[in-house]
Amino acid sequence: MYTLYLIAIVAEAMSGALMGIQRGMDRFGLAFVGSVTALGGGTLRDLLLDHHPVGWIAHPEYIVITLIAATMASATATLLGRMKQLFVTVDALGLAAFAVIGCDIGVAAGQSFLIIVISGAITGIGGGMLRDLLCNEIPIVLREELYASVAFLTGALYVGLLYAGVGAEWAAIAAIGAGFAMRMLSVRFGWRMRKFGPEDINR
Amino acid sequence: MYTLYLIAIVAEAMSGALMGIQRGMDRFGLAFVGSVTALGGGTLRDLLLDHHPVGWIAHPEYIVITLIAATMASATATLLGRMKQLFVTVDALGLAAFAVIGCDIGVAAGQSFLIIVISGAITGIGGGMLRDLLCNEIPIVLREELYASVAFLTGALYVGLLYAGVGAEWAAIAAIGAGFAMRMLSVRFGWRMRKFGPEDINR
Amino acid sequence: MYTLYLIAIVAEAMSGALMGIQRGMDRFGLAFVGSVTALGGGTLRDLLLDHHPVGWIAHPEYIVITLIAATMASATATLLGRMKQLFVTVDALGLAAFAVIGCDIGVAAGQSFLIIVISGAITGIGGGMLRDLLCNEIPIVLREELYASVAFLTGALYVGLLYAGVGAEWAAIAAIGAGFAMRMLSVRFGWRMRKFGPEDINR
């Protein structure tokens, strides 16, 4: 699980840095946006749940890792730009892992089912939302693709299995597997929710 | 007061969802923006005052309500788009009620007059500011209309009455009534503060 | 140090208000953006470190000062617009002072070197980042100039000197002097980091 988490924050930091490159940021900007993308979801969750110290404050090595990943991303941007499929795959794995990790924090805090699942979802999608806000975009998870839904369903499945008496490890493996599969299938087949627009109001 | 609060969060969630529809969001985006609009101001206030658990974490039913309201808004968008006057009215009531509720949290935390009134104002305007940030807009309360001012004046009146020895219930009724009237009159007659612009600098 | 802090928040509040004027905000908007620019970095730091009460909640007089400064800025915008050199100078002093003050909070919280320096940097650059987000811009510190770097280096020098046994006062003077000089030189000679762009990916 810990290894999975490290792989996920490296991938998220790199994807954040790549978006920063496209927005004309400098080296500091890339390092900052990369770190926020990787660690921002967990930070939001910890602030909302009053869970201190915040993850990266308790483990400053996470920041060192995201800084290195973001810096490496700027050095190998051309190469990374060609590895989109790998990114999508690692990101899908990270999304599901983040959701499960976030649920664990909610469970440990003794929260109710809904708050636990929200805690997981914020962990999964919060970093990308902060990245988009810093890059002056409407967060992509509010507009496109089954991303937030995957975070919610992964968390709901995980907590449901825990409540059903399944051991934490097996529940995590099952939920991450299912979430990863759902996300990859939705990307592969272009599944998405109905998008609304001004025409839905001025009719 | 509780009923008033529920009406207010339903109205705010619907108005947030309507803005999300105009920005081309999907169902998840509407639910998220609606909930943030309704509950974001109180969340900001709770984080700043270190008042835990945050409102919707202590009362997850608030989230259920905002999710339902946002979803209903997407199903009845055309209808809601024609009910602008009703929205303005309910929003004005909600603004005044949020300000008073926010002041109560500040009073209970033993804060000074200024911080209590700011606590009320953040509760009243914070959700709308977060909604605008998520929709990639400069927050409307920073640019237009007597909205933030109404939140401040409502709170100041409420706390002033409390300090003068008026009972909490009567103070709340008086402040909400005055705030509601001020907001409705300002909309009706187009009262607004002087707007600045680049020409004020490059003169 | 306290005097330096007050000068810095006045300058930051005025610079925030000036940007608000250019974005067409009204009086409330200017007061809000000015206060967020001056006090937002410290607020972010306090929330992340769970350091309560937040600075301006413990000292509401800070808010009174920033409100007055922002209001004065709107009354004297034309004049201020011609005093760019003075602003850059005071801002450079404020940046270095904020970084040192932020580090002190991190030291008092018993944090590690990296977290202390980050705590200083967030204090120095957080307000400007929030100002840019409210004004619907990609934060300038992510794109241009040696600004964030100065905050980091000032903090690292300060904490390094503390660790080396130098007294807090001398360490603060040395770090603020060095940070101020670095910032002024970087503005004077146009030093900046390499900026990236989409062409770095699609090569």
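Order as written gives the chain letters A, B and C; numbering starts at 1 within each chain.
Criterion: a contact is a pair of C-beta atoms (placed from the backbone, for glycine too) under 8 Å apart; a residue touches a chain by one contact, two chains touch by 3 or more.
This one's a predicted model, so the numbers in the text were calculated from it and none came from an experiment.
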Superposing rotation of chain A relative to chain C, computed on C-alpha atoms, to nearest 5°: 120
Chain copies touching (chain B, chain C) - same or different residues, decided at half shared: different
Centre distance in Å when chain B and chain C are each reduced to the mean of their C-alpha atoms: 29
Numbers and ranges of chain A residues touching at least 2 other chains: 47, 50, 133, 136
Touch list for chain B against partner chain C, complex: 47-50, 111-112, 114-115, 118, 133, 136-139, 141-144, 148-149, 192-198, 200-203
Interfacial residue positions of chain A with respect to chain C in the complex: 18, 20-30, 32-33, 43, 47, 50, 52-54, 57, 60, 63-64, 74, 77-78, 80-81, 133-136
